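Take a look at these structures.
In the two complexes below, chain A is the common chain; its partner is chain B in one and chain C in the other.
And then the complex of A and B:
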């Protein structure tokens, strides 16, 4: 009797969460798999099961490959920028001092802004005529730069905005990670007469690898599924994989095809994450 | 020793210098919000010579800011309330059991962490339409709960594992029912974890762009982010309205952040790192 009652209350506690999770997470994932093998347009009542055809078409779809290229360029520059500067700033400002706390607080502000807001500010700053950045370049005697001249340059411009918005987050992750390094290691190195350069490469960096693992994996995942900034800052000129997938659905009514793209993106993120995890785990050391 | 002090001063000045350059876009957003249109276009870097609040007024009117605020507050508030309730309840059961079945449930619930939102968005639109919840606020709230369920559930499970079971057991002996134990003993103890969930998920839901753009009604259901995106899409070069809207959208969050810096930085990082 007692047992039966406990089981019932277990069930009731789990029920609401499970229902929401099943209906709006698990079912859509399954449905996405299913759609990717159909030619459904999302509107008409009938559709056909077409096997792997969507994936075969994807192989020769120029717009898709362009979006892959854009996504990879964006990811490479974004991940390098936020992690290199994230480590440098966190190490540099790793002292309990008012100035550094102020700096870190300011660097975090863009993280609480929405992507729409950041995109607008950067669109304004990177304007061709009378944009702030051009104004500054002009002040130092440079010529007018077109930040949206080619797809490649546009990608770099957007990457700059994304990196600016995200930097504070990574500084905070590295900052928290630095706090876990035991101070006596530095004291011992001090006694041995190690230089600051040596301390950074022999102590800080190796012991920062767990933080690095988290941070690199997180930044790669986020960059690979980037949508907002590209959509808002560059109307129609460049596409990431995510933008491409959504526009296939909303502008071309190709729901089946769009599902196939998202599925490829998901599998790609999964593989990349697993590979990175294995590589970075190997780099971890114990002192 | 003297040399060290000098280095430290130089290092601090350099840090401030870098931060000032980094903060340039923020400066631009703030000063231009108070400038008339001609000055925004002609003198983007200058501080306001003729101080005006006109941009705030025009943005308020043309984007319909009150409506957007109301929508965003309702969606974020209700999503968080529901999310906290269902995630903490599910986590309570899963954290207290150590059977094969519940370990399976745990892994199953964490799967959601790996799913890009684009993957579930389009099928979810169909599902919501099926339940007649598309373009409604409850639909958006349920979708948000599903997206942030995994990370909140995970944070709660980890937190429950740090709580001793002795309190619950003594309450049980006193004859309290499980729901009473949960509500009056456990929920208050969960506060630190709940505040992390609120900051982490709350920030994401408040700033979300893609899901509300397609799930909510374009006319009546815009949130603060999708609303200013839609309003400005129509006047791309009306920078006076853009900067007014940018301020309306950002000031509440930035003030909240400045008041609770520690919680914000801890909350956002904990949510991401543990997830």
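And then the complex of A and C:
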């Protein structure tokens, strides 16, 4: 049985973190929920309660649905890229005994850079005239590529940058997950004459599912919330849901409406995360 | 003992968390259902009771607009000149934190966090007037400005304009001469000129889309000429829902002209080209024309180029409709919550009227003055060419930056910017569908307004 002093010290240790979580996570969500039912413009001293009007207007907001489409395309491509290449690079890196640490450091470097910095770098790299990528293509005889030729192409360009920036994190997650796979399973498979292909698909992948669960959930959440890259890299011809929400607040003085968008995004991410977790949890195996 | 130390350390950590939470002054009031309080009216001050006469230290914040030409050192000059004459006044210059953020966006952030500056560069008062954030000026405060450039919202003056800029077409005179082309008087003639350059492999009119605002210049000028010159209060009619974008033939025709310019007579990599790169493209002689504002004169003075630059206003369908779109919306405003309204007004008047500063300010970007009295400063030949045209052509407001009661509702011009960007960048965009969408979203903005 804990005495009061122990309970007090437990409580006090938990207090700073809990306060931070409460102030910066819980309170903003509650406030956002509240203002989503108002027409507050964010700067006036007064507002009116308008019930569900913001959510009803959202249903016919073409800009919002365009941003949903952009966000889903970005998410799909990004999640597939970082998870497929995350696994492949982690497996490849695992075999590199001498250069393992160097490989890990190099692959992780983009993750420690600020997303704003990376956005600016990719913005310059993808320029039509004088951009590094087009200069390289030109060196090999190719013509200029317009990385922002259409909204779809712009979305792919941004996804490329986001995937490059985040890949190191997922490689690290898969690498850690690989380390939990018992080596005697591979030895037993080797004895049974299993090929590298069979070992990968019958041992590595099934036992990587816990890592896959974390990576897929994280990559989906990060992609659905994407703001920095789209805002900085693109000529504002595409918007993700987050960019659309912020522009409603800052450009149109519609903080109430913006809150409604953010709330819808929050609920959507919650539902998607729960569904993913349930599906992926069932896929875990134990040999 | 260890537990006591642990508990004390925990208490210190908690105290450190709260250390940054002290309010330095009255926090921003939470919004409520009560009517908005009227802006503070200061008591009449006699010369004996002004802060200056009383020897009181006055601290003002001045939010200025930092650009590649209007640098921090540039703005510091006027602050230093004023504080040299008023030693008890300290003016802190503040700027937007990065070039991706506009002064308007930064001002909104400052307002919502209770840090609205005393004096600020203001181009969109309609964003701030509904919240009572700006202090109205008296008529006597703007005596020095030509009346046609003073705009009012609900009968009150919120911005003292400090410059006039014009929009039109900068062109490569050498390229025009080589191809035996004359300055066009009508839109049809302009298109023929564009087709001529296209056939010669020269970009007729470069315009980059990357920064999300530069492309609006030709659009604004076209719609000013086609719509505003015939119906000056069209924006107000739209905000009263008497007209719509999709059902106004002149507006729709203006959109079609704009789309043609952006898609048929522009560079192929326009989507990744920034405003700075568009400037460079024109001044390196790769584009025959460049549709931009008169601040381009600043680049004309600083960017190397080996041809003579000319200017003509964007033509309409009718050669006799000689109009020139102007920007008269930008100037200085004062916060309604400033502790020193008289000092703030005095600084604004100094900014506008001090002959030495005025000359430097106007000369830097070769601006045009809204003052009744002439300001003497060194003018380039291009500037004199444009100034001559201002006597010949009738000035009309630019389409996005209409003023006074004709000013677009907050967010209205942003909707138009997004609308034009979509049409300029997406080859599959359906113009009719986008027009209907524009009307629908604009009506939502109007319905949402308090």
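Simple rule for what comes next: the second predicted complex is superposed on the first by the 259 of 287 C-alpha atoms of A that agree within 3 Å, B and C clash if a C-alpha of one lies under 4 Å from a C-alpha of the other, contacts with A are read in each partner's own complex, and residues count from 1 in each chain.
Simple rule for what comes next: a contact is a pair of C-beta atoms (placed from the backbone, for glycine too) under 8 Å apart; a residue touches a chain by one contact, two chains touch by 3 or more.
Note that the coordinates shown come from a computational prediction; the quantities given were computed from them, not determined experimentally.
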item: Which of chain B and chain C A:13 touches, first, second, both or neither; value: both
item: Touched partner set for A:131, first chain B, second chain C, both or neither; value: both
item: Which superposed partner A:141 touches (first chain B, second chain C, both, neither); value: neither
item: Which of chain B and chain C A:115 touches, first, second, both or neither; value: first
item: Which superposed partner A:250 touches (first chain B, second chain C, both, neither); value: both
item: Partner chain(s) touched by A:193 [first = chain B, second = chain C, both, neither]; value: neither
item: Residue contacts on chain A - larger count, chain B or chain C; value: B
item: Chain B and chain C contact sites that coincide on chain A, given as residue numbers; value: 6, 9, 13, 16, 20, 42, 131, 231-232, 250
item: For the chain B and chain A complex, residues of the former touching the latter; value: 11-12, 15-16, 18-19, 22-26, 28-29, 32, 41-42, 44-45, 82, 85-87, 89-90, 92-94, 97, 105, 109, 112, 114-124, 126-127, 142-143, 145-147, 149-150, 153, 178-179, 182, 203, 206-207, 209-210, 214, 224-226, 228-229, 232, 239, 242-243, 245-246, 249-250, 253-254, 256-258, 261, 264-265, 268-269, 272-273
item: Contacting residues of chain A [partner chain C, same complex]; value: 5-6, 8-9, 12-13, 15-16, 19-20, 39-48, 57, 60-63, 126-129, 131, 144, 146-151, 154, 231-232, 235-237, 247, 250-254, 256-257
item: Residue ranges of chain A in contact with chain B within the complex; value: 6, 9-10, 13-14, 16-18, 20-21, 23-25, 27-29, 31-32, 35, 42, 89, 92-93, 97, 99-100, 102-103, 105-118, 120-122, 124-125, 130-132, 135-136, 164, 167, 169, 172-173, 176, 214, 218, 225, 227-228, 231-232, 242, 245-246, 249-250, 255, 258-259, 262-263, 265-266, 269-270, 273
item: Touch list for chain C against partner chain A, complex; value: 3, 6-7, 10-11, 13-14, 17, 29, 31-37, 100, 105, 108, 111-112, 127-128, 130-133, 209-212, 267-269, 271-273, 277, 281, 410-411, 414-415, 418, 421-422, 425-428, 437, 440-441, 444-445, 448-450
